[in-house]
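Next come two complexes built around chain A: one with chain B, the other with chain C.
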Partner chain A sequence: MKLNRTMVVVFLTPALLLFFAIFVYPIARTVVMSLFSVENVTSSMNEWTFTGLKNYRDLVQTSLFRQSMWNIFRIWLVGGLVVMSFALLFAVILNSGIRFKRFFRAVIYLPNIISAVALATMWLQYVYAPRWGFLTNLFSWLGLEGLAATQWTAAGNKFWALTFAYCFGMVGYHMLIFSSGIEKIPHEFYEASSIDGASKPRQFTQITLPLLKGVIKTNITMWTITSVGFFVWSQLFSTVTTDLDTITPMVYLYLQVFSTGNTVMTREAGLGAAVGVTLGLCVVLIFVLTNLFIRDDELEY
Partner chain B sequence: MKKIIAMLLLAALLLTGVSALAEGKTIVYWTMWESTEPQGQVIKEAVAAYEAESGNTVDLQFKGRTGMREGLQPALDAGTVIDLFDEDMDRVNVSWVDYLLDIEEMAKAANYEETANAGLIGAAREITGGTLKSIPYQPFVFAFFYNIDIFNEAGIEAPPATWDELLEACEKIKAAGYVPITSDDAYIITNLGYHMARLIGEEGVRRVVDNGEWAEEPAVLKAAEAYADLAEKGYLSPTIASSVWPTNQNGEFAMGESAIYLNGSWLPNEVKEMTGPDFNWGCFSYPAVEGGIHGVEAANFGSQVLAINKDSQVAQEAFDLIVKLTKGEFDAKLSIESVGIPADANNTEWPAMLASAKSVMDNLSVRYSWAAGIENNINMTAYIKQAFQQLCGGQLSPEQFVETLENASN
Partner chain C sequence: MTTMNKKTLRRSRQLNWKHEARLIPGYTLLILWVVFTTILIGWVAAASLSTTRAIYRGEVFHFAANGLNFGNYVKAWNSQNVSVFFANSLGYASISTVLLVLVAAPAAYVLSRFKFFLNHPIQNGFVAAMGVPVVMIILPLFAVVTQLQLLRQTVTIRLLMIVLYVGINVPYTTIFLLSFFSNLPRSYEEAAAIDGCPPMRTFWKIMLPLAQPGIVTVSIFNFINIWNEYFMSLIFANQDATRPVAVGLYSMINSMKYTGDWAGMFASVMILFMPTFILYLFLSEKIIAGVTGGGLKG
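On to the complex of A and B.
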């Protein structure tokens, strides 16, 4: 078929223009902005002052930002391991031929359709409440007074309380992605291996896992992107002032760009842009590492 | 045919013009309140009354705090027509000062200050270098709020004015079976700010926070020792180190288990559904401490303010709307409905729940900004909060508290 260049241009131009306006321009502007001292995101460029890599140096030297990066790294790694493990476990169980599969899948996915605000409030005001919370009552009932007296949202505990609550809501989402991958694996593979005498665990390690490499990569990438954007839960676990246990880079960025705390401070949109670029680089790095270590075998089935 | 079309068009144009004249001008007003809040409800009523009287139209948009803080400046930069907006006094007059119209002349022409709160107008003027660029409304004062019934039951005759009197009161409250002082993570740091400001003033607090002089400034250790003492004597809530706002505000304090909470005068409004109408509200200024430079005459007080966009085409109309909102009937209504302090000096009757805050407010002569400057360093607030919570929870000694913050600031 003869290529009609005019038609290609006509059909591609609007899409390309939108792509540049909505994606390329903001990214480029943010990268450039991160090299300047800029008070406000909408400040015109003639108000910008070039400072080179100063914003990045300031970030590295700021212990609060380092703490926020440490928090997000732990949420990504520890939370990621927990969420992926449970998501994969539930996906495998749901696809093993159990009864009421659709019911259990809906139950596990349910937290995803509830507002994060409602979920976080439930965890804070009901589960973790120090005096009449669910955990306090449960451990008291079990006679574990030491655990019942634990203040789950005190310094040191609050980070884990937050991570646990967040992970609870994320399992269902990743379970669905795993589940869709498992459903694509032909049943004949399992039947053949069963005839050959393979146990269920062996089927999991020799068939399911290898054929889920692409899905695992997708899940890791999705988890990384949502982790990097960790914001709402952090805000809800420390409502008015920032907190060492809950601060994440996005919260730090928000504070710098909008100065939304009780005290009105100078805003630093340039510094916020540097945080944004740093987070973007983290996502790219993890994406590259994931591709490096988890290679698709290009199997056809 | 052409003539008919031309006539029709002319008629349409004339009709549009006439209707525009009949409708008057349009004022676009962005407010920080939600439409469901008492303030939002009263503003809606005031706007309706203004529209009926003036023939102008008000495009009232409820943006909420976050909407204003995130969206106002980008919208103004993008040329969105916003004639009137409101937010916290410091935020409007500091962050958005470049967008504000000087309303000194308008205020003078309307004789506005005759019935305005002189202290607040003075504060608004001071922030913008001596010129009036905003009109205060919904004033607040930040002080210790307390449960009068618990004080009476404990045999405390007068609210404490000095630190020693506070200790005595706490002992009596504890003996009566109540938790003397409570707080939540959102406000606990204000206790430290106030205590340090009593010793060295707000300038001193800012110096410590901004320059990291935690170990160098003896007032830090003194303040830490005072709160460690409260913790050791059992005067602080046992959950003070872990309470996420509003757990203790709504739980311990509003439920009558705890007697004292350092907070703004918005507190009665926030908890009125829990306390019910019978709760006896008391208020006293943060007590004077030994060797301090400030006493009960100093506190954080302020207000929300209304400001007019310097590019507004309807500035006078916007100012008239401000007058409608902040004077007479609707100021009184705002005060009653939101359990807030009236801005109009002629509205002398304060809501019963805030009656005791009036004497505190009337005796103030020194204004602290929020938390007396303790939250002035965005990179330190989280460290101060955590260390202070641990100090109040008995997990850190005063010396460890100072050392922790000194290390965090380096």
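On to the complex of A and C.
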């Protein structure tokens, strides 16, 4: 089509203005800010003093931040493995010629549209509740009194209780992405291999998995992005402000920068910026690594 | 596949018990998952209509004995400004969703139709922005907004929230609609041009209506995302008059937990849960299409 300059400019300007105001400028300013000592988030730029990498060094030496990174790493790795396994399993089952596919798919995705505050409260106050809870009732019905008496949200168990509840809500999203990948694989591949005598598991490892490379990459990237923003769940599961079991970098940033009147931390907004940059770098790093290890051959069916 | 083929396929599947038998493990797993989800939501729904005493006794499903206590909802609704929270959420989500289409659709259209040297950099920038965590942008946004003194009045906070929600979702919405516009044949514009319709008018009168299915999908998706957004509203709209439901009900749930009003607490959870759930009941297929539709390679 013939290039229409006025139209291009008029149609793109609002979107680009917002893009620069909400993404480009703030990202640049966060990166710069992380290299400065900034007493208050709202301090204007001429009050900043350059301190180089001091914020990052301070962060590394803060045990609370280290704990938060360790927590998010475990959620990312263990939770990721759990979520991806279930998501892939469900995607395969849904595409194996099952009845009521749409119904099952809709129910599994349902938790993703529920507000995290509501979903986390349902888990906390029902599934894990000590008196009337689902797990308590289930285990005492099964006669496992030891498990029934477990305090799921007590200090030692809380982290895994949190991770598991969070995973339940995330399976649906990643299942849909796997499923969309599987749907694109031509049926003839399976028919041909069936004729050649390949078993179902063999078909899965030799046809489905290799052809899902691109989708696996998407899933890992999306999982990383959502993990980095882990906040609400942590807030709901924590009983005190700085709960070591549940603290994540985003909660740490919130406490460091926005929480008023906490005495635990020194006021330093530059640290908050350094947290932001660290998390951003984590996303980039994992994105680069997945692209290195999972070669995406351009597929044409 | 012809209709004939489909029919015979369906008939053969109806009779093929061997095929169904092999799927039993799959069915079992799916049914277990569905049962658990149903119990989870069903119990909370029942508890929200029961009484705190019945919850303690584990008798939330004894509707005959407990009665249906809609009073829990009334109490929850009146105990704080839930109607204000609700109106705020509704306002933020619906206005932002409409504005998003008005901003993103023209951008997506231009990017899908014209070749110019910034086209691909812009597209890549938008795709990259979809992966930017909020922590990377929240501090400067907060600093700028405070310097502009936008956090002092209810009106400016509300406008700010809408601008933020639109801005944050522009990349995703544009990329989603871009793939949609690329699939529309160019013959429409050519015909319109021959009839003397100027290109910008062609877009609003012909192309935008043609993209309606994509616009509806992405809008529902945006609406739910904005309704459920938490962190930004916690930072920027942190006063009663501007709070959306998620943030407002969070503090309510907390206080009811401490006063031991469990029935009221579960009613609050249901108030937060119902709007998106009802949308989902009617539009689940569209929402599911929205997840895999835009910007995701695979």
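Basically, the second predicted complex is superposed on the first by the 270 of 301 C-alpha atoms of A that agree within 3 Å, B and C clash if a C-alpha of one lies under 4 Å from a C-alpha of the other, contacts with A are read in each partner's own complex, and residues count from 1 in each chain.
Keep this in mind: a residue touches a chain if its C-beta (ideal position, glycine included) is under 8 Å from a C-beta of that chain, and two chains touch if they have at least 3 such contacts.
No experiment lies behind these values; they were computed from the predicted model shown.
Colleague: Quick one: is A:90 in contact with chain B, with chain C, with both, or with neither? Answer first, second, both or neither.
Modeller: second
Colleague: Figure out whether A:209 sits in contact with chain B (first) or chain C (second), or with both, or with neither.
Modeller: The answer is neither, since A:209 touches no partner chain.
Colleague: With the two complexes superposed on chain A, say which partner A:14 touches: chain B (first), chain C (second), both, or neither.
Modeller: A:14 contacts chain C only, not chain B.
Colleague: State whether A:238 touches chain B only (first), chain C only (second), both chains, or neither.
Modeller: Touch status of A:238: first partner only.
Colleague: Under the stated touch criterion, which partner chain does A:107 make contact with: chain B (first), chain C (second), both, or neither?
Modeller: Once the two structures are laid over each other on A, A:107 reaches chain C alone.
Colleague: Thinking of the overlay built on chain A, is A:41 touched by chain B (first), by chain C (second), by both, or by neither?
Modeller: In the superposition, A:41 contacts both chain B and chain C.
Colleague: Quick one: is A:255 in contact with chain B, with chain C, with both, or with neither? Answer first, second, both or neither.
Modeller: The answer is first: A:255 touches chain B but not chain C.
Colleague: Just chain B (first), just chain C (second), both, or neither: which does A:125 touch?
Modeller: both
Colleague: Comparing chain B against chain C, which has contacts with more of the residues in chain A?
Modeller: Looking at chain A, the partner in contact with more of its residues is C.
Colleague: Identify the overlap between the chain B-contacting and the chain C-contacting residues of chain A.
Modeller: 41-43, 125, 131, 258
Colleague: Please output the residues of chain A touching chain C within their complex, sorted ascending.
Modeller: That would be residues 1, 3-4, 7-8, 10-12, 14-16, 18-19, 21-27, 29-30, 33, 41-44, 89-90, 93-94, 96-98, 102, 104-111, 113-118, 121-123, 125-127, 131-132, 134, 137, 173, 176-177, 179-181, 184, 214-215, 218, 221, 225, 228-229, 231-232, 235-236, 249-250, 253, 257-258, 269, 272-273, 275-277, 279-280, 283, 287 of chain A.
Colleague: In the complex formed with chain B, which residues of chain A make contact?
Modeller: 40-43, 62-65, 67, 124-125, 129-131, 151-155, 157-158, 237-245, 247, 255-256, 258-265, 267
Colleague: Please name which positions on chain B make contact with chain A in the complex.
Modeller: Going through chain B, the ones touching chain A are 66, 69-70, 73-74, 77-78, 88, 90-91, 94-95, 185-187, 189, 239, 241-245, 247, 251, 369-371, 373, 375-376, 378-383, 385-386, 389-390, 393, 395, 408.
Colleague: In the complex of these two chains, what residues of chain C are touching chain A?
Modeller: Touching chain A from chain C are residues 13, 19, 23, 26-27, 29-30, 33-34, 37-41, 43-44, 47, 55-56, 58, 60, 103-104, 106-107, 109-111, 113-116, 122, 125-126, 129, 131-143, 146-147, 163-164, 166-168, 170-171, 174, 186, 189, 199-200, 203, 224, 227-228, 230-231, 235, 245-246, 249-250, 253, 257, 262, 265-266, 269-270, 272-273, 276-277, 279-280, 284-285, 287-288, 291-292, 296-298.
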